[in-house]
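Next come two complexes built around chain A: one with chain B, the other with chain C.
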Partner chain A sequence: MTTHLTSARPAAGPRKESRRRPPASSATTVGRPSFAWAVPAALFFALFAIVPLIMVAVLSFMSWDGISSPEFVGMDNWSRLIDDPVMLKSIWLTLLLTVLGVVLQTPLSILLGVWAAGHQRNRAVLSVIYFIPLLLSATAVSVLWRALLDPNFGIPAEVTWLFGDGNLFGEQSTAIGVLAFVSTWQFTPFHTLIYQGAARAVPQVLYQAAEIDGAGRYRQFFHITLPQLRTSMITSMILMIVGGLTTFETVLILTQGGPGTDTTISAYYMYDKAFKSFDYGIGSAIALALVVAATIISLIVVRVSGYDKMRSSMEGVS
Partner chain B sequence: MRRRPNYVAGVGSLVWLVLVGLPLYVMLAATLRTRQDYAENGPVSLPDSFTLDNFTGAFDSGFGQYFFNTLVVTACVIGIVLLLVPPLAYAIVRSRGRATSAIFRLFLLGLAIPAQAVIVPMFYLISEAGLYDNLLGVILPTAAFCLPMSALILSGAMRDISPELYEAMAMDGASPRRMFFQLVMPLSRGGLSTIVVFSALQAWNGFLFPLVLTQSDSTKVVTLGLYNFQTAHGIDIPGLLGAVVLSMVPILLVYLFARRALVQGLMGVGGK
Partner chain C sequence: MKTRARLPRLVATGATLALALSLSACGDGNGGASSDDGKIHVLVYGDASNKIEQQIVDTFNKTSDVKAVLDTIPGADYQTKLQTIINTPQAPDIFYNWGGGSIKPFVKADLLLPLDDFIKKDPGLKDKFLPSVFNSAVVDGKPYGIPMRGTQPVLLFHNKKVLEDAGVQPPKTWDELLAAVGKLKDAGVTPIALGGGDVWPTQMWFQYLYDRIAGPELFAKAIGGDKSAWESADSKKALDMISELVDSGAFGKNYDSVKYTNGGSVQLVASGKAGFELMGSWYYSQQLTDHKEFAEKDLGYTAFPTVEGGKGDPGNVAGNPNNYYSVMKKTKHPEAAAEFLKLMYSDEFVKAHLDIGNLPTTTNTDKFIDSSATPEYTRFQYDLVSDAPNFQLSWDQAYPQKASSDMHKAIQQFFNGQLDTDGFIKAMQALPTE
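Here is the complex of A and B:
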């Protein structure tokens, strides 16, 4: 990533036009800002995100306890991780929680988003309440649900026909269920917003044409709305996946990775190794694995959603 | 054309209303009742007592200080974002050249860097810089992690400024700097308020950086206060929920005033 920065040419003289665009008149090139306007932000971001990212790669080949100076140990951390049953389990749990999140949130947020894009009278009032979870910190949400689901004083103690003996945190399946539910509760409003925006942008002409052809409500939904939401669906799912891979506070507060290591997902295991067992080398190796996964997914985002082409497509239209 | 209501989505939205409304009701009701009342009558019942002790209890365990710290962090993060992002977005939208597109790609990739990924080296860097257990050590990384999304939101807003306006100013011989201050900044007020709300939310709700980079009570932020309160008073559920409610109040107030900016900004994220 930093190679892009070092290969930057000074922006003196006439600027090179993108090949896609026809040669512009002098009026469109005069008075354009140089790349220097972007440099302060880029430097700040590089210092606090890119440099640590490079360091995490280096640290993953070192042994460091936080007090003595780091020491190079080659592939040691990595081979220890490969042999570590908890690590393997944590990867599996991370994937499970991520998939559960996508499966629960996608249909729900499409449904709510399409509904909220309509023009019902009660929509404005309801959407104020809907989006409250969006505002709460993961910490507040987790503390709230930890209290609400407390086996002795919470809702399960009262609604026994639904929750059985009530200790949802004592068993792997229910603990995972709670984590998936709490994430869904917290993030569905955000994805609903994405779909609401996209559903509003669907051209009304399509529905009018379908209605003339006699297509019913549900055919319209499956043949017009859903295909038109495709791009947003990809963006939203990828955000869900990156979010799922990096879930942390929810686990720290709700289950502490337990019972045993039954909900120890990778991000929590990284924190546990680095900041509780003071094994920063292993922690870095786990973190690096997380970054690689998240970066691959983000590259897919940029390709599929066309974020990187936005400039030429928008500015060309005039 | 008149359209019939969508019953499936309507029912779904009502279910969601219960799923969100019920916990919020239990939380608000619990914070206004005494601990005995809550323990005897259970969380879902109507409160038969009224007390504000749960809020004062939170303040007694240091929440006043935590609020102040969070406020400082949030204000500084907003300041840094407002200083760095508008010129960045301006360059992304208007500048032609490979250097700028490389920088834009850097920020796009940055969207995917999770805070957990850099927390170990961040701990190292901040300690080496002598900023461990210092609010500045929380402010700088938090602001840095607000930049990618803010750049995306604001450059989206700046793209909506019509090219004719730039051309007219260019005809008058205006410099990029003058265009920035007299054209771009006034016309992107909507985008600016979105990134302010967005960064404020990020900073106010931040947890991992404060958790790892601070230690003492004098630098603790609200989210960390909540976490510690839970570990210490886990059984006192009304007290705990009182602290949760307190931690939400400021952000809810901001939401009431800035709902439009926040919602529209986030709606744009999905692409159209």
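Here is the complex of A and C:
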């Protein structure tokens, strides 16, 4: 199940990109996209996103094991879900992992990104090396770390002062730590790339002016670079949050939601219910709840950050 | 963290499947027409045994007008995909399963053909198989499966050298095992290797202890729907003994971080860092692949120890009696299917399986064992299984598939102390039995 979910990846860049219109060409509309251009994509989206979403919504009011015919059960799945302590726990864990991801990856990727935007020697080579984890599939990364963290033959067996008896997957705190670490290891390069591009786009004239005013490197970083990275930071954080809410493969392979239900995040819980316990009704309810939650959180982030106003960071520069 | 939203795609996949399934369900209901291309499709779990299945199919096709086609699904995905296609026109005619609970929902949905008529015409379809094995695919008194691979009893393996160095004999009784654990701990090794990260190896300890202490009746009762079985004194005694074993440090402290499936626990035993491991009979060939020298020289094996005062026959075994072929009710070629199943007790079949280390459960297996690759080991297993009054199918396969995830959670949580006895009993009582 999981393999084909993870392997079929369309090349998806930051989604917000599609909103930006190309600059209007002067006086003529030749070559400008009309609505007709959007028809294939819209059809595709309707068929593979909207229709299934509606079906999932319908399924969330039914009881279905995949074999017999679905049976309408009203709010049953939803009330079960509300009373389910594991569901509540899974929401907590999902939020925790998401916050951990943002907190760990943001500073790391800003520092790396700004550094990689410079002109140091060996920078290109090192950048390529940093980038490698992103090229591996989450599945491969998870299998790799599961093996590297084997308590008897992996890293913990050598570094006992840090890992103790190496029971990383047997306790909640360490299991979550491993999940956060592995995600950070894999996705920091991607966000580094965003910040690298953004840092390169900061006009040099600002730094030149700052130098004349006698600002040092740290002042320049905090007063020029960081503010100029604001919009990129929002893009990156939205991606981190949406990604965090839908983390799946790392949990599937590293912990299977265990020990017990200690790392059962919502997306995994949905899989567990729908595809392992063959209870598609409640699985659909979880899925729908997740879609709603992710949408709301994304909207809040966009609104709070002012991203929707599309303010340019170039204001007052040129 | 993640670069793309996975959820919509997950949802989309699920719902597209749902769409496809419900459409097809509307189209032809249960007994509807499957696409008939004049062939019978045989669906199996994809692994090393497939080459023999292909060989059997080829043999069958030489004489049959209706040709058989072998379809395989890679192991980990088998159960999910089977469940997805079983009630669609893409369903196979004959398919691989674990008997017991793994086919119960299909029987309930009236998808499977009871094999009584086949057996009436050819009693060999029943008589040529070991009864304890054949019975694992009997649901509600009717046979629904023919054994089609090798038997996989769970055995207690050990590292001969480690035991010798610690002055330990392979244990015959539970007390001897406890004593061995103490001595092995003193010798500085993990007494028993356990791939707790996979959970099903942990489950093996439950299966055997319950069977030894309470006999097979307790589990039969529980799975029959009488959930009071889990509250019985015997059940509590078994749980106490498991706790005692875990608390004594028998499995070390990090068993939940160790996996069998990535070779972690296998290597623990092979490298002499652990003394014992409880595992299915496939363990031998696993060690032979991963650690050839160790497997040939120092790998020992015994049956699970007896438990004094236990109600279960000490000869009982647990594990997977075999895998089974079941026949879909809507197959267009039942006669051809019956003919195909007869090959499962043929000499050719038995020899081919023995050659790759599988142990078929037919009555004619006996005469070919001595010419097999590992006669001593094969003979040990064969005697164990054929003398066993009862062969307990792995709990997670005996229960309906939908119960296995919650069962695994309860087992892991009890083992590592997250659940107490009452909590475990409650969790087991909450499992669906049909």
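Here is the rule we go by: the second predicted complex is superposed on the first by the 263 of 318 C-alpha atoms of A that agree within 3 Å, B and C clash if a C-alpha of one lies under 4 Å from a C-alpha of the other, contacts with A are read in each partner's own complex, and residues count from 1 in each chain.
Operating definition for what follows: a contact is a pair of C-beta atoms (placed from the backbone, for glycine too) under 8 Å apart; a residue touches a chain by one contact, two chains touch by 3 or more.
Just so it is clear, the model here is predicted, and its values are computed rather than measured.
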| item | value |
| --- | --- |
| Which of chain B and chain C A:Phe131 touches, first, second, both or neither | first |
| More chain A residues in contact [chain B versus chain C] | B |
| Chain B versus chain C as contact partner of A:Ile253, first or second or both or neither | first |
| Partner chain in contact with A:Ser69 - chain B first, chain C second, else both or neither | second |
| Touched partner set for A:Ile297, first chain B, second chain C, both or neither | first |
| Partner chain in contact with A:Ala49 - chain B first, chain C second, else both or neither | both |
| Contacts of A:Thr160 with chain B and chain C, given as first, second, both or neither | neither |
| Which of chain B and chain C A:Ser79 touches, first, second, both or neither | neither |
| Residues of chain A contacting chain B in one complex and chain C in the other | 1, 5, 8-9, 48-49, 51-53, 55-56, 59, 66, 134, 138, 143, 146-147, 150, 153, 190, 239, 242, 245-246, 248-249, 267, 270-271, 274-275, 280, 283-284, 287, 290-291, 294 |
| List of chain C residues in touch with chain A within their complex | 1-16, 18-19, 21-22, 25, 77, 80-81, 83-84, 86-87, 105-106, 108-109, 111, 196-197, 199, 252-259, 262, 264, 267-268, 273, 401-406, 409, 412-413, 416, 418-419 |
| Residues of chain B defined as touching chain A within the complex | 1, 3-6, 8-10, 12-13, 16-17, 19-21, 23-24, 26-27, 30, 38-39, 42-44, 80, 83-85, 87-88, 90-125, 140-141, 143-145, 147-148, 151-152, 156, 159, 162-164, 166-167, 169-171, 174-176, 179-180, 201, 204-208, 212, 223-224, 226-227, 229-230, 234-235, 237, 240-241, 243-244, 247-248, 251-252, 255, 259, 263, 266-272 |
| Complex interface listing, chain A residues touching chain C | 1, 3, 5, 8-9, 12, 48-49, 51-53, 55-56, 59, 64-70, 97-98, 101-102, 105, 134, 138, 143, 146-147, 149-153, 165-170, 183-184, 187, 190, 239-249, 256-261, 267, 270-272, 274-280, 283-284, 287, 290-291, 294 |
| Residue numbers on chain A that touch chain B, as the complex places them | 1, 4-5, 7-9, 11, 15-18, 27-42, 44-53, 55-56, 59, 66, 108, 111-112, 114-116, 118, 120, 126, 128-140, 143-148, 150, 153-155, 157-159, 185, 188, 190, 193-198, 201, 207-208, 211, 217, 231-232, 235-236, 239, 242, 245-246, 248-249, 252-253, 267, 270-271, 274-275, 280, 283-284, 287-288, 290-291, 294-295, 297-299, 301-302, 305-308, 310-311, 314-315, 318 |
